[in-house]
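Structure, as structure tokens:
Labels for the chains are A, B, C and D, by order of writing; each one numbers its residues from 1.
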Amino acid sequence: MTDQFEPVIIGFTCNWCSYRAADLAGTARIKYPPNVRLIRLMCSGRLDPTFVLKALSEGADGVLIAGCHPGECHYLEQNYKALRRHRLMQRTLAQFGIEPERVRLTWASAAEGAKFAEDITEMVEQVRKLGPLNWPANLPTKPVPVGMVAAEIPVLSEEVA
Amino acid sequence: MTDKTQQERAGEERIGVYVCHCGSNIAGVVNVEAVAKFAAEDLKDRGVVLARDYTFMCSVAGQELIEQDIHEQGLTRVVVAACSPHLHEKTFRNVCERSGINPYLSEMASIREHVAWVHTDKAAATAKAKAIVNGAVERVLKNEPLEAIRVPIDAATLVVGGGIAGLQAALEVAEAGYDVYLIEREASLGGHMAQFDKTFPTLDCAACILTPKMAAVGSHARIHLFTWSEVEKVEGFVGNYTVTVKKKPRYVDEDVCTGCGICVEKCPVMVVDENFEAGIGYRKAIYWPFAQAVPNLPVLDPDTCTYFIGGKGGCKACEIFCPTVPNSILFDQKEERVSLKVGNIILATGWDLFNARRIPQYGYGRLANVFTSLELERMCNAAGPTSGRVVLRDGQTAPKAVGIVHCVGSRDRNYNGYCSAICCMQSLKLAHLVKERTGAEVYNFYIDIRTPGKEYDEFYLRVMDEGVHFVRGKVAEVSDVPIAPSEEGGKLYVQVEDTLAGLQRRIPVDMVVLSAGLEPRHDSAEVGKTFGIACSTNGWFIEKHAKMDPIATMTEGVFVAGCAQGPKDIPASVSQGAAAAARVLSHIRQGELALEPIRASVLEEQCSGCRICNGLCPFNAISFVAERKVSEINAALCQGCGTCVAACPAGAIQGSGFSNEQVLAQIEGLLRDVAQPVTREPVTA
Amino acid sequence: MKPKFAMYWAAACGGCEIAVLNIDEKVLDLDANFEVAFWPAAMDVKYKEVEAMEDESILVTLFNGGIRTDENEHMAKLLRRKSKLLVAFGSCANEGCIPGLANLGTRESIFDCAFDNPSTENPAHLRPQIACQVPEGVLTLPPLQAVVRTLDQVVEVDYHVPGCPPESHQIAAVLDVLIAVVKGEAELPPKGAVLGAGDTSVCDECPRSRDVKHIDKLSRIQELPVLDTEVCLLEQGLMCSGPATRSGCNSRCPNVGAPCIGCYGAAPGVLDQGARLMAAIASVIDAKEPEAIDRVLDGLPDPAGTFYRFSLAHSLLRANRAALAEQE
Amino acid sequence: MKALFYPGCSMQRNARPYLDSLLAIRADIGLELQEIDDWNCCGATEYMSVHRVAAHSLIGRNLALAQAQAVDTDVLTAGCSACFLNLSKTDTQMREDAKLNGTVNEALAAGGLHYDAGSLKVRHLLDLVCHDIGYDAVKARVVKPLYGLKVAAYYGCQVVRPDYDGRWDSHEHPTAMDTLLRALGAEVVDWSLKTQCCGGHMSVIGPEVAFGLIRRLIHGAAEAGADMVVTLCPMCQLNLDAYQVEMNKHFHTDYRVPVLYFTQLMGLAFGKSAKELGIGKEFVDATPALAKIQAEAPKVAEAKRRRRPKPGDGLPMPRME
């Protein structure tokens, strides 16, 4: 491996479509970068935003959410809930300074091994470009004086006072 | 339930980790020894007491290895890093069960499909495999012992659709001695097959092979027939469905009518039959769908009946001439609703013909002598509107040249991307019939000829030998306008690129037949919703597994058969009907069914009754208990998707098998190698 | 000798102090059973005097406010050392509260907002300094830390009393428990327990009628032509945090037609209150197409501030990335 | 409604009646046109295949000028099919192809111009009239309905294809102009050739090919019983009208099917004078056809009582939904 940044991405897949798409990519020996680590859920509707925040705060550089195509959900329409949560999450995450490319929602049917592999490849490249997220929430905080060096203590002049 | 106690428990757990080589499938890319070593050493503080790598974990020897360790090493939980859980999860759960641990205290880490087969960099693949094993170890620590849910199975079966697939399914179940309710939307059984003249490749007369089955179903003591009826509502779950059937008024007393047909004869109204005759024949306002209809009862169409149109006055010829006592004509008949209890459901709702008007450049509906394949089927049928003569729209002239256009609406990204599976053979059959009956020159315009059935290709060769022309190319347009003065008027010109000859051709013909594709029923989405199953993007019902389970659906106890699941020919529809029946019979014979215990449940003391979850369940498993102001989940209805678990604002819904604790732990495990060190909670065994 | 009691006010508004005084005559019970060792808002005790106390000599300290400055951190650590029981008192100490919302920006942006906005007259663009020379000597201010942290992110905390501020009847109940323990009439609750709150969510106490939810529009209260006094506020399109907020306040705000803003924090066992709200609200949006979903979401101009109004500093992400990056 | 207007060269010369009639009716339908200042040739159909970047830049200049002049509308319209297609093509391809976008804007920058792809909505005039102004608004202005006039609506190949922005109901058999002409009171015949090629520039480079194509259209319209062909494109009008005589000579036929613009028929129905609308400048005289216009709506034969079909009636035609 070269010195280039290798992002770590957590992928949430649904049991019926995207996880099987990943299985199919394997069976078909389609190659994609090893940066995504998958978690199986029963449905993209199970995707709790907590999982995404947890992954990001635990050191993941990105999160991939993959469900069945709209209208194809094995639980009829639960992937629309994932879609809504994703739209809302993106708005919220933007306020935390997290780029939208880091949390990607994609659809992959059980037959779309190649498409899923392409999605992963594309996302890995996008996140690689963004650089490490390295969420520092858990670092001990240390105060930094704002706007001054301790040596230059200003004198409060009479006029201003 | 604080984290602490969980952690303490984790300390007491004894986890065994098994890393499979899968021959060289995994070991060729992943350093399996290193993964096992990682688990044994680095995950010791997470409760791992032993880790082994082995050539084939799924082999008998591999399974025995785990059993032995459970007995001798006192393992309490097991992680197998091997292939996809979709293949062997059950195998290793059984191993656990045999050895006395709850089967759900095992976990698989997919390092073949998700690692070895998709990556080439060995170091990176091994690192990823370690992370996945780490995730599985963290997850298995949070697994709870679960028990399968057992439900009794009602032996009665619902079959929806009286086409060939539904007929076969109904007969199989009834012959086994169980009650079947067969629901058919039309007035007679038979489906599309009843409309055909001959069937490929044997050229059997469709009616001759179909009607005996219709009669057998119609007279079977175990089969309760509901024609001119639709399923309105389905409640309950596998083994215990309550189905509401809407019986549309047929305005004929089913119990009294003898089917003598005098009413039909006397009815003065004649209208185009858009349904059975595909728009090229006529029927009366009171009519039989077709001669061999089962049940042998006419149906009255109030939209065309003079009595109904005239605001219930006049005519009444049918009633006047009806010879039965009491009179069989019931002008006041109303819609009825019947409630049925069934244990399993087979959906065989069939297909709709692609609407050829959607391709205006082929001229259907504008150019008189452009026909659909179904129109030609009716024309070829001896019982059809032309008594089996193949003629132009004038009803007289036999065509001298006929063009048959394949793939109309199929394999076309403007309409349907899929192959309709039957059109090639149907077109060959129609080419043969046209040639046989008219001696016309017949041109088949095809993209590819697909003849993968038994004796299908032989039939193709036979039709070629009969002198039918084959032009490979997608037809650009069918026009009635000559391009040059040399072209004679009154013809249809088929403009096509002949891709074998490398030429643009304009072939003048008298008749064009559009071999229209199969489409899902126009209301398949609503029907799917009624039965709790999903449709693919194309609209066909989705089977549980495209290869390994093309009969079952995601909803336990609901099966699909025939074209409702995707385009297929008659033999495949019959097979699938029979297969669905076999699946149902297996359920019935088991008496009760064990369901995967992946279910959501409400922690009542934490539920505040906010009702956010109430509208989220497509299976109506969530209800609100007004007295206690809490929501409740019916475990038998719940399919385990977990949407409500994720949505509960108070965290009061738990999902067994995929709990928050399990997923969060798995995230931690997967990220252990990159996480900030301060977040690690040391757990020492 | 009576056991010692302390109360301290860190990065907070002072409302918690008022709430304690608001328990009326109950405060006499406090005085009867405890010796007040340190309570800057009520009496004059110098930090030096606290430092001189023996470790664990104070039985209980109610600590309100988050950790925003070095001084806050210093006092948190000091009081932890001096107290047997340290109680995170009120929303700020527990989850950062409104001051924690500043974590969505950097210190620089906080100063810009406070000292350089159109409503502030500050032509010289003066900024507070941590030290300043005046004729009498050097004046200092405690340095602002990169982000607001909660008390339990800095020191170990024994008990949590949520609320902004904690409801007076709940404070009284907590004091009763403490007094009972002092008198030997009761056991201490298990360490880490949440005191003075319920264990379901605000909806449990809310008298409004509720139904299945389908949100096709989110409005702010002033945008609603009529507010139904009987029906669930969320069903009327108001962003009410009640379903995801711990009970205990007797649904004060919804009772009077104001949506719950979430001050009692997440429901029991919930890791991240904002995530729960996001999941719940998004789930019941009545739209399928991305554009239609967005139209509904446009009614929520500040999602992070809405969902994490009180709990931001204690959430999984805690703060904006740029603010966190200023940590060392 | 307001729109920026790119007239193009044809409308200035051979298609002058198109422009005149448009200007005559614009107030009636509330169309405010703002001609782009200093516009240049669109490069017609050929330039694109000679030099792609130069062609796009040539068109890009017009788009850039339009964008700069767009104050209270972002709609840019053209009456000529080739002009419309070129503007639409460049806009779309610049939007989709970042490299092309860069190159074209680099070229434009030399002239101090810039175009933000996608900032304008490029729309054909017929599209505006049918879909924005609407049939009802048109119908409301009709004072002299074109009763008794049978017309063949001819769209040509460039407006409905490739239809970058999805404006048309069908790319083979569109119906927008049919509906518009019916709103004017005319009877619209059904024919198969609505979007077939008129020959384009083949009339100059390979007349025999063009004559064949022209004959097909004229013959088709005549066969369908049309009194005239109605078009929306200067090139189509030129080929079918000006070359009809040549075509007749070539095939020894004597077709006389006049070819007018839809704007001219709108003008007639709105009560404008033929002169004002440029009628009379066509090669094949439209006067005999226009003489068929009646004051009264032709009596539609009363719907025949549905009688029972008899043997020999023939097979029913499929219903068209």
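A few notes on this one:
By our rule, contacts are C-beta pairs under 8 Å (C-beta built on N, C-alpha and C of every residue); 3 or more make two chains touch, one makes a residue touch a chain.
Only a predicted model underlies this, so the values are computations on that prediction, with no experimental measurement involved.
Each of B-D and A-C has its own count of C-beta contacts, and the greater count is at A-C. Centroids of chain B and chain D (each the mean of its C-alpha atoms) stand 47 Å apart.
Separation between the centroids of chain C and chain D, computed from CA atoms only, is 68 Å. Note: centroid distance chain A to chain C, computed from Cα atoms, is 29 Å.
With centres defined as mean CA coordinates, chain C is found 53 Å away from chain B. Among the residues of chain A, those in touch with two or more other chains are 48-50, 54, 77, 81, 85, 136, 139-140. Each of the following residues of chain C touches two or more other chains: 271, 276, 279, 283. Chain pairs recorded as touching, per the definition above, are A-B, A-C, B-C, B-D. Residues 84-86, 110, 112-121, 123-125, 127-128, 131-132, 135, 525, 528-529, 532-537, 542, 545-546, 554, 598, 616, 618-619, 639-643, 645-647, 655, 657-658, 660, 663-664, 666-668, 670-671, 674-676, 678-679 of chain B touch chain A in their complex. Within the complex formed with chain D, the chain B residues making contact are 268, 270, 272, 274, 279-280, 282, 357, 359-361, 363-368, 372, 375, 385-386, 391, 393-396, 477, 479-485, 489. Contacts from chain A toward chain C in the complex involve residues 48-50, 52-54, 56-57, 70, 77, 80-81, 83-85, 87-89, 91-92, 95-98, 133, 135-137, 139-148, 150, 153-156, 160-161. Against chain B, in their complex, chain D makes its touches with residues 170, 172-173, 190-193, 212-213, 215-216, 219-220, 223, 251, 253, 308-309, 312-321. For chain B in complex with chain C, the residues that touch the partner chain are 1-2, 605-616, 629, 643, 646-652, 660, 664.
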